[in-house]
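For reference, the structures are reproduced in the following blocks.
In what follows, chain A forms one complex with chain B and a second complex with chain C.
Showing the complex of A and B:
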């Protein structure tokens, strides 16, 4: 099997985000692999254990500096990487085209894995756009994958813990949810080995992708404003409970 | 005046309450609203939609009505094309996350998910980014434009209309490469967090899984509040992952969020800080969550939570639900 895993290089969720200019952020912060993508890489590795002839190729479209994220993926078990570099932020419409082109130029996928969303832009759509460009089926928030001949049987998590069992024909795009597995963090020898693995760096401009007619353009990025001024509720336990009930009734009007 | 398609969601044949806020978000802009209904439409549902300001009710009758995200996405695309609708709004729910991006992919149309504000005239949408630390405004360009609203982002306002019913009979080809084999309902007690009006949540301070009974009891005393949890409570195995609120759990936006024994990591805050009113009960006066609340109680949740449950039960019947 040829398994392509699309990963995104994102700011650490604990990092302080400082807005720079109209739409940029200060980038001197810790970046790492998008957490959902770690589940995708781990799953690719698990599938390779079942199908040892498989090859895992990790693909990333990013501003320069994403090599660290690719090396992490390689240390977690991917065989080689493709990094498409750009100087700008692109929308999911373009990102899907870039991933499609980079994968197609490399080989024929049997399976494409991604995370269910990125924790920075939270677009939740690139995997479906990518699948549509390949004309193959897709599923999101996948928490279980089982191969069955030319099909995959997957379980997807829906709201309130509901599950949906789907059958998809391969090739297909599967977007990993958190429950899929426990990411396998690399050992020191894995990290050393990953340094020698190949990363093919491609310049975005060289892919020569026509500008799509549809666009999602970021026009303004502003720090989120915290408007709350906490008020402490004090008194006896009963009095506290009564005060909360009055707030729920008069202020929030939920009871 | 533009034509706006609204993708209406159901839960077990009943209209989800969060639809109504989405309708209000669209009504505010003064356009022609088309509620697109993929499931059986009862007169009760029609009345509810009329009460909140829909101009047309589009009943979609498919050759195979059972749920299949790929076929449903194709059906919505066909309806939009037939009725010449170029703006579609849906919810950022589990179903919305499975349908809206599929529709956007088929149409190669721009889409912004989890919008807290949209402007149909200027074709812009506001959403949060970077774990809720920033607010981003997007400009959308395309022949058809899609918006995924954050559930409960806008409170529903009554706006009566007399909608016209349009029936659309569709013959969508079978999806051979994607089949839905089975849909398994969630376990009892795991309510739908993303659209809940009230959430009572527990964290490390709950100490074990058994103590979550106090949270469940309190939620029950509200009538239909949902129960949430912090990542610690999930990782410890006290409650299932479906209950996790936060960056890598469910992002919630209720009218009231009650955090019990939750310290308030950045990741947890990212999932709940847009809640209407936040109340925290914590024994640690230095807990990070306290700065992000409207009301705080510094004390033992094992005393306060049962007292609150008791008070809610005592007053039940005396109060009416909105």
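Showing the complex of A and C:
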């Protein structure tokens, strides 16, 4: 099985993001693999444990600094990487075309895994556009994957507590949700091995992808300032615990 | 009329709070002022709160070992005060000092013998019996992952370590300072928060009082600088004090990482504090079955001396601000990853960035100053948390003796430690000393 995993190089969610000019951010911060993509890489590795003849190829379209993110994916178990480098920001239409071209030039995918969204632009559309370009099915927020012959059975989380079971023919695009697995992070020996794995670096211009007829353009970035309204929880220990559970359940809706 | 106190302590961290406590016990009417909202919320909050006895000098070992007794008997030390936030816990895990080229462990062993520190010598097998996840190859010298030789295969093995059963760490350093504040208040001490000192007033070579940011003046004949990373700024406010110090202090940026323990290792319950000079790391368990990974500041790592106000405001840019840096995350985690080959290193850095109040020789300044009534407990250099209760006792005695007429510069105060019974020449910590080249010039002290 040939498993392609698309990963994105994003700012660390813990970093302080400073807007520079109209559409840029200060880039002297930590960039790393999009956290949802970590679930996708981990799942690819799990599938390879079941189908040991599989090959896992990570693909990334980004600035040249993204090699670090690819090395992380290689350390997490991918076999080799493809990095299409660009100096500019591109919209999901172009990103999907680039990923499609890079994957097609490399081989025949049996499975394409992505994260369900990127934590920086949160567009949630690249995976569908990619599936469309390949003319293959897609499912998102996938929390369970089972293979059944030429099909995959997946469980997708729709909202807290509700899941949908889908059967998709392979090849297909599956976008990983948080509940899919616990990311398996690399150990030092994994990191050493990853240093020697191959990364094919391709210049975006050389792919010669025609300019799409329409595009999404980023006009302006503005910092979102969240207002915090702390609330003191008082009462007996039991009552405090009950109140916290009720907040997590009814307000935050995380349990 | 300005309010008047017998002594004002600047800083309510883990060094300032015990000084207030001990002075209050001696009958001084004290006021502690701190720019933060509560006790221990400055650089104390970023402390790893490790309690270990290995230091590079015999006095350092003795001082730390004296401190053990306070942590082991915390409730008694606090005179059974009630703190509504609960009490900090001493996690008596025991402490392993790996024998390595990075530590002068033979000296430490001699100091242990001289001071009477309880310890055992462990060979590699014994270490592995207690910490089965370790790879005890020698990785020396310490390098950075950017250096290709970082990845070289090791050949030699280490030669065991020294185990000190009374060592460990305090689970919540902020809370420990808060506990001491409550104990001090029970003895009559007063604490004032959200108050920034902007002026040290003096006349005729004597301290008169302090002025706060809002213009409030408070009078006192005694001011004690326990301002942590801001110590040099406070010294500069006091007439002739900064100029009169041969040993100066400045703020050093420091990163500490949290990395999950290998899945099959219950580090939080079965783990030890470990100092490993071979890889330049120290570790202790952290909530969530994490490894807390500190750095022993090897020469190959960058040292960033920063302005504390800029740092805490998040300024200074990559590697100088209060955000973890990816490079240092990799350096510290990969170093530990060599020692623990099953340690999983997440892609996202997690940890704490804070400041050391660092002296020129990494040994603190516990002293009077060239300004009458102005005292200093500064330059704690990331290695004095464990000593804080002892520092409180010693500083209170030093201040009391000097206020009663002792010329500490000519005739250094001799401090008798309560538990070990050892005498210590407080002149060892003098601001006028020459740089102490016996020091490790690192967090090891």
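To be clear about the criterion, the second predicted complex is superposed on the first by the 224 of 255 C-alpha atoms of A that agree within 3 Å, B and C clash if a C-alpha of one lies under 4 Å from a C-alpha of the other, contacts with A are read in each partner's own complex, and residues count from 1 in each chain.
What we mean here is this: a residue touches a chain if its C-beta (ideal position, glycine included) is under 8 Å from a C-beta of that chain, and two chains touch if they have at least 3 such contacts.
Only a predicted model underlies this, so the values are computations on that prediction, with no experimental measurement involved.
By the touch criterion defined above, A:144 reaches neither chain B nor chain C.
Once the two complexes are overlaid on the shared chain, A:195 sits against chain C while remaining clear of chain B. Applying the stated contact rule after C-alpha superposition, one finds that A:187 touches chain C and leaves chain B untouched. Looking at the shared chain after the overlay, A:35 reaches both chain B and chain C.
Of the two partner chains, neither chain B nor chain C is touched by A:86. When the two complexes are overlaid on their common chain A, residue A:248 makes contact with chain B while staying clear of chain C.
Once chain A of one complex is fitted onto chain A of the other, the partner contacts of A:169 are limited to chain B, with no touch recorded for chain C. Looking at the shared chain after the overlay, A:72 reaches chain C, while chain B stays out of its contact range.
The larger set of touched chain A residues comes from B, when the choice is between chain B and chain C. By the touch criterion defined above, A:13 lies against chain B and chain C together after alignment on the C-alpha atoms of chain A. Within chain A, the residues touching chain B in one complex and chain C in the other are 13-14, 16, 35.
Contact residues of chain A toward chain B in the complex are 11, 13-14, 16-17, 19, 25, 35-36, 91-93, 96, 119-125, 127-129, 131-132, 136-141, 153, 156-169, 172, 178-179, 212-226, 228-233, 237-238, 240-242, 244-245, 247-249, 251-255. Residue ranges of chain C in contact with chain A, taken from their complex: 151, 260, 314, 317-318, 321, 323-326, 329, 334, 337-338, 340-350.
Chain B contributes residues 70, 92-95, 97-98, 100-102, 104-106, 108-114, 124, 127-143, 148, 175-187, 190-195, 197-198, 222-223, 240-243, 247-250, 255-256, 266-267, 270, 273, 276-279, 290-299, 303-304, 307-308, 310-312, 315, 319, 321-322 to its touches with chain A in the complex. Contact residues of chain A toward chain C in the complex are 12-16, 28-30, 32-33, 35, 38, 68-69, 72, 183-189, 191-192, 195.
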